[in-house]
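Below you'll find the structures, each written out as C-alpha cells.
Paired with subunit B in one complex and with subunit C in the other, subunit A is shared by the two complexes that follow.
This part shows the complex of A and B:
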C-alpha cells in the first residue's frame, strides 16, 4: 500500500495534467459506453415489446401529420359511427393513456389511467407480481376489475376497491384491484422504441364495447391514434380510412406489416448499428489517445521509474500498481455514472413524474445495471491495452540507461 | 570465498543498422570483501559489465553465479529483491529523483525492503548522514544542491541497506578533488567496517590503484 501510494502520488500524479487527462478520457469512454449500451438495450426492449405488429395483416393507425384537425366537426356521434364500423368489421387492439386522476397513495403521485381492450391485453402479455388476469366481461354499474402498478399496491392491495371520478365516463365508478403488475412494467412508444413510460403509478382499465360506447369523445378519439388493426386486408383498411375521413375529417396512415418491418429496419436496426459502430470507433479513438497520453507520462517519468527499479521495484509489482491505479480511476468513474443515473431516476420521484418513476436496486433499474456491467467490461479491456503498452515501453529501456536519462 | 562468478562469451548491442560485440570471453571471479576497479577506454563495456553484475541486464551470452546461485533462473521480483537488499548502486550525482527531497531519495530503498530490515536500516540512517555530512540538505530537492552534495546523497542511498556488494559507476566523475576523496574514503570505509565487496568503474587511475585489483578492459582486436 505504501509503495502504491508513493508511486501514484510522488511519480504518477506529479504531472497533474496527465493524470487529469487520463481521468477525463476514461470518463468520456465510460459515459459513451454507458449511454450507448442503455440506448441499445432500451431500443431492444421496445423492439421485443412491439414485435407482434410485424405480422401479416396487421396495420397501425397513424394520424397523417399534414392532416388538418377541426375539432368542431368531430362529435361523439361521428366517433361512435367509427367505432361501430370497427366493431362490426375488425379485430383491433385498443390502447390509450395519459388520463390523470388524483387518488390517495403513499407517494403522493398523480395516477395515470391507461385504457386497454382485450386484444391489446392478449398481445402484450402483462406480467403480474400478484393477483389475477384482467376480466373484460363486466358491467359498468358494477366494480371494474383493474390492474395497478407496484407503486399503488401498498395503498391498494389485491381485492381492495378504488373510488374515482371517471373523467372519460363522466361519473363516479368503482375499480376493484384484480392484480398488481410486475415492478417497472412499461409501454414503449411505437415510433421511438427507446422511449417508454412506466406503469408503476398507473391503473390499467379494461375497456369493452360498452365502456367505449359510454366514454366521452376524448377517449374515443385518442384511442384511434394508436389503434392496431389485426388480421385484415389492404382493401378493408382503405375502406376504414374513408370512414375516418368521412366522419372525422382526419386522414390516417395505416402502416402495413411490411411497411412497419421496413420502418423498424430502416430506423431502428440501422440506428442500433450506427450507435454500436460509432461507440466502438469512439472507444478505439479514446483508447488510442489514452495510450498516447500514458506513453507521454512514461517518457516524462522514465528516470523516476528506473531509479525505483534500481533500488528494489520489480516489473510485476509495477504492473500490480498500474492495474490498481486504473481500477481506482475506473471505480471513480463508475461511481460518478452511478450517482448521476441514480439522481436522474430519483429526480422523477422528486418531480412526482409518475410515468417515469421506477424501482430498482439503489435507484437503478435492470438496463442501468447491465449498461454499468458493459462499462466495467470495456474498462477491463481498455485497462489491459493501456497498461500493457506502458509496461512494454518501460521494459524497452534498460534500467541502467533510464537512470541516466 | 567467491561472491561473484561471471563468465561472459559475448554481450551484443544491436540497432537497426549495426551491431556491436563487447565483453568477449570475459571471466570474472570476485571474493567477499575484495575491492576491484574496472578501467578501460570509453565504450569498451565497463558500465555494461557493471550492469550485468548488478542484475540490471540479463541480455548476454554467458553464465552468472551470484552469492552461490545461478542468476539465470531468478524471477524478476527476486532480482528486484536482491537489488534492494544485497546490491548497492553508487552512480553519478544525476541519479536522483528531482521531485523528492534528498531524505526521501536516500530512504527510497527502505520503501521496498521487508519490514524487519526496514526498521533495522532506519536506525542506521542517522549515523550514515552524520558520517557523510549531509544533514543540512535533507529537506532540499536535488536541484537545490551542489554536485558534491548530490554525489554524497547517491552514495548514502547506495549504502543504506548495508549491501554485500557496492557497484560504483564513475561515482566521482564530475566532482572536485576534495569531494572525490571523500566519496572514495567512504566507499573504503564500508569495505573495512562491513567487509563489503566494492566494484568501481573509473577512468581515474589514481583511484583505481587504491583497489585490491585493477581489471583493464580492452577492445577486441
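This part shows the complex of A and C:
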C-alpha cells in the first residue's frame, strides 16, 4: 500500500495530464459500450415481449404510410361496421394507449390510460405485485376493474376507486383497482422494439365488445392501428383489408408471420449487427489511442520507474500497482456513467414524463445495471491490454538506460 | 563551421516521427468531427440505429472536445522530451523566444496542412467548411498554451 501510494503520488499524479487523458479515453469507451449494450438489451426485451406475433396465423395491422386519413369519411357508424365484422370473423388482440387523464396522485404525474382486450391480456401475461388478474366480464354501468402502475399504488391501493370525468365512453366512469403491476412494467413498440413506455403511471383498462361498441371514434380508430389478428388465414385478411378500405377509406397492410420474421431478420438483426460492429471498431480505436497514451506515460516516467527498480521494486509489484491504478480510473469512469444515467432517469421524474419514469436505485433499471456490468467487463479487457503493453515496454528498456534517460 | 552551427541551431524541435504523431492526432480529431457530420446526413430507416447514433451526435461537440485532449497529451509529452534539447539550443546561442516562435510556426504549419486536407474532404462530401473551423481555434489555443511551456525549460 505504501509503495502504491508513493508511485501514485510521486509518479502518476506529477504528470496528471496523462492520467486525465486516460480517464477521458476510458470514459468514451465506457459510454460507447454502455449505449450499445443498452440498445441491444432493450431490443432483445422488446423482441421477447412481442415474440407472440411470430406465430402462424398472426397478422399485424399497419396503416400504409401513403394512406390518407380523411376524418370526414370516418364516422362512428363506419368504425362500428368494421368492429362488428372483426367480432364476427376474427379473434383479435386489441391495444391502444396515450389517452391522458388528470387524476390526483402523490407524484403529480399525468396518467395515461391503456385499453386492452382479453386476447391481448392473455398474450402479454402481465405480472402483478398485488391484487388479482383482470376480469373482462363486467357491466359498463358498474365499476370497471383495472390494473394500475406502481406509481399510483400508494394513492390508489387495491380495492379503491378512481373517478374519471371524461372518458372514451363520453361520460364519467368509475374504475376499481383490481391489481398493481410490477414496477417498471413496460410496453414495446412493434416497429421500434428498443423504444419503451413504462406503465408505472398508467392504468390498464380492460375492454370487451360492449366497451368498444360504446366507445368514441378515437378509441375505435386508434385501436385499429396496432390490431393483432390471431388464428386467421390470408384470404380472411384480404377480406378484412377490403372492409377497412370500403368503410374507412384506409389502406392497411397486414404482415404475416413470414413477413414479420423476415422484417426482424432484415431490420433488427441487421441494425444490431451494425451497432455491435461499430462499437467494436470504436473500442479498438479507443484502446489503440489509450495504448499510445500509456506508452507516452511510460516514455516520460521511465526514469522514475527504473530508479524504483534499482531500490527493490519488482515487475510483479509494478503490475499490481498498474492494475490498481487502472482500477481506480475505471471506478471514476463507472461513477461518471452511473451519475449520467441516474441523471437521465431522474430527469424523467423532474420533467413529469410519466411514460419514462422508472423505479430502482437512483431510477436505474435492470438493463442499466446489466449494461454497467458489461462496461466493467470491457474495462477489464481494455485494462489487461493496456497494462500488459506498458509492462512489455518497461521490460524492453535496460535499467541502466532507463536511469540515464 | 559557424554557419553549420547556426543551421543546426535553427533546426526545428520536430523530428519526422513527431510530425507524423502530431499529424495523426490532428487527423483523428478532424476525422471524428467529419464523421459526426456525415452521420447527421444519413437518412437511416432503422429506428434503432438512429436512436443509437443520436446518443452520440447529441454530444458531438463534447465528444470531439474530449478527444482533443490527446493533442494536449502530444504537446505535453513532446516538450517534456525536448527539454534537454531546448536547454542545449540555448547553451549554443539560440534564444527561448526564437525556439518558441519556431515551435508555434511548426505546429501551425501542420495544423493548417491538416485543416486544408479535412476541408478537401468536407468539400467532397458537400459539408460546411465552418464545421471544422472551431477545432482549428481549439488547437491554436493548445499551441499557444504549450508554447508557454517552452519557456519553462529555459533552465534545465
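One rule holds in what follows: the second predicted complex is superposed on the first by the 390 of 405 C-alpha atoms of A that agree within 3 Å, B and C clash if a C-alpha of one lies under 4 Å from a C-alpha of the other, contacts with A are read in each partner's own complex, and residues count from 1 in each chain.
What we mean here is this: a residue touches a chain if its C-beta (ideal position, glycine included) is under 8 Å from a C-beta of that chain, and two chains touch if they have at least 3 such contacts.
Because the structure is predicted, anything quoted here is derived from the model rather than measured.
*Asks:* For A:361 in the superposed arrangement: first (subunit B), second (subunit C), both or neither?
*Replies:* Touch partners of A:361: none, neither subunit B nor subunit C.
*Asks:* Return first, second, both or neither, reflecting whether A:339 touches subunit B, subunit C, both chains, or no partner chain.
*Replies:* Neither partner.
*Asks:* Once chain A of both complexes is superposed, is A:10 in touch with subunit B (first), subunit C (second), both, or neither?
*Replies:* A:10: touches subunit B, not subunit C.
*Asks:* After superposition on the shared chain, which partner residues are touched by A:71: those of subunit B (first), subunit C (second), both, or neither?
*Replies:* neither
*Asks:* According to the stated criteria, A:314 is in contact with first (subunit B), second (subunit C), both, or neither; which is it?
*Replies:* In the superposition, A:314 contacts subunit B only.
*Asks:* Give one of first, second, both or neither to describe whether A:303 is in contact with subunit B, with subunit C, with both, or with none.
*Replies:* So A:303 only meets subunit B here.
*Asks:* State whether subunit B or subunit C is in contact with more residues of subunit A in the superposed arrangement.
*Replies:* C
*Asks:* In the superposed arrangement, does A:384 touch subunit B (first), subunit C (second), both or neither?
*Replies:* neither
*Asks:* One more residue to check, A:20. First (subunit B), second (subunit C), both or neither?
*Replies:* second
*Asks:* If you look only at subunit B, which of its residues touch subunit A in the complex?
*Replies:* Touch residues, subunit B against subunit A: 47, 50-51, 54, 56-57, 75-77, 79-81, 83-85, 89, 91-92, 94-97, 99-100, 104, 108-109, 111-113, 157.
*Asks:* Over in the complex, which subunit A residues touch subunit B? Could you list them?
*Replies:* 2-3, 6, 10-11, 14, 303-304, 307-317, 398-400, 403-404
*Asks:* Flag every residue of subunit C that touches subunit A in the complex, lowest number first.
*Replies:* Touching subunit A from subunit C are residues 28, 46-49, 51-52, 55-56, 63, 66-67, 69-70, 72-73, 76-77, 80-81.
*Asks:* Could you please specify the touching residues of subunit A with respect to subunit C in the complex?
*Replies:* 15, 17-18, 20-21, 24-25, 27-28, 35-36, 39, 43, 191-195, 267-268, 270-272, 274-275, 278, 289, 292-293, 296, 299-300
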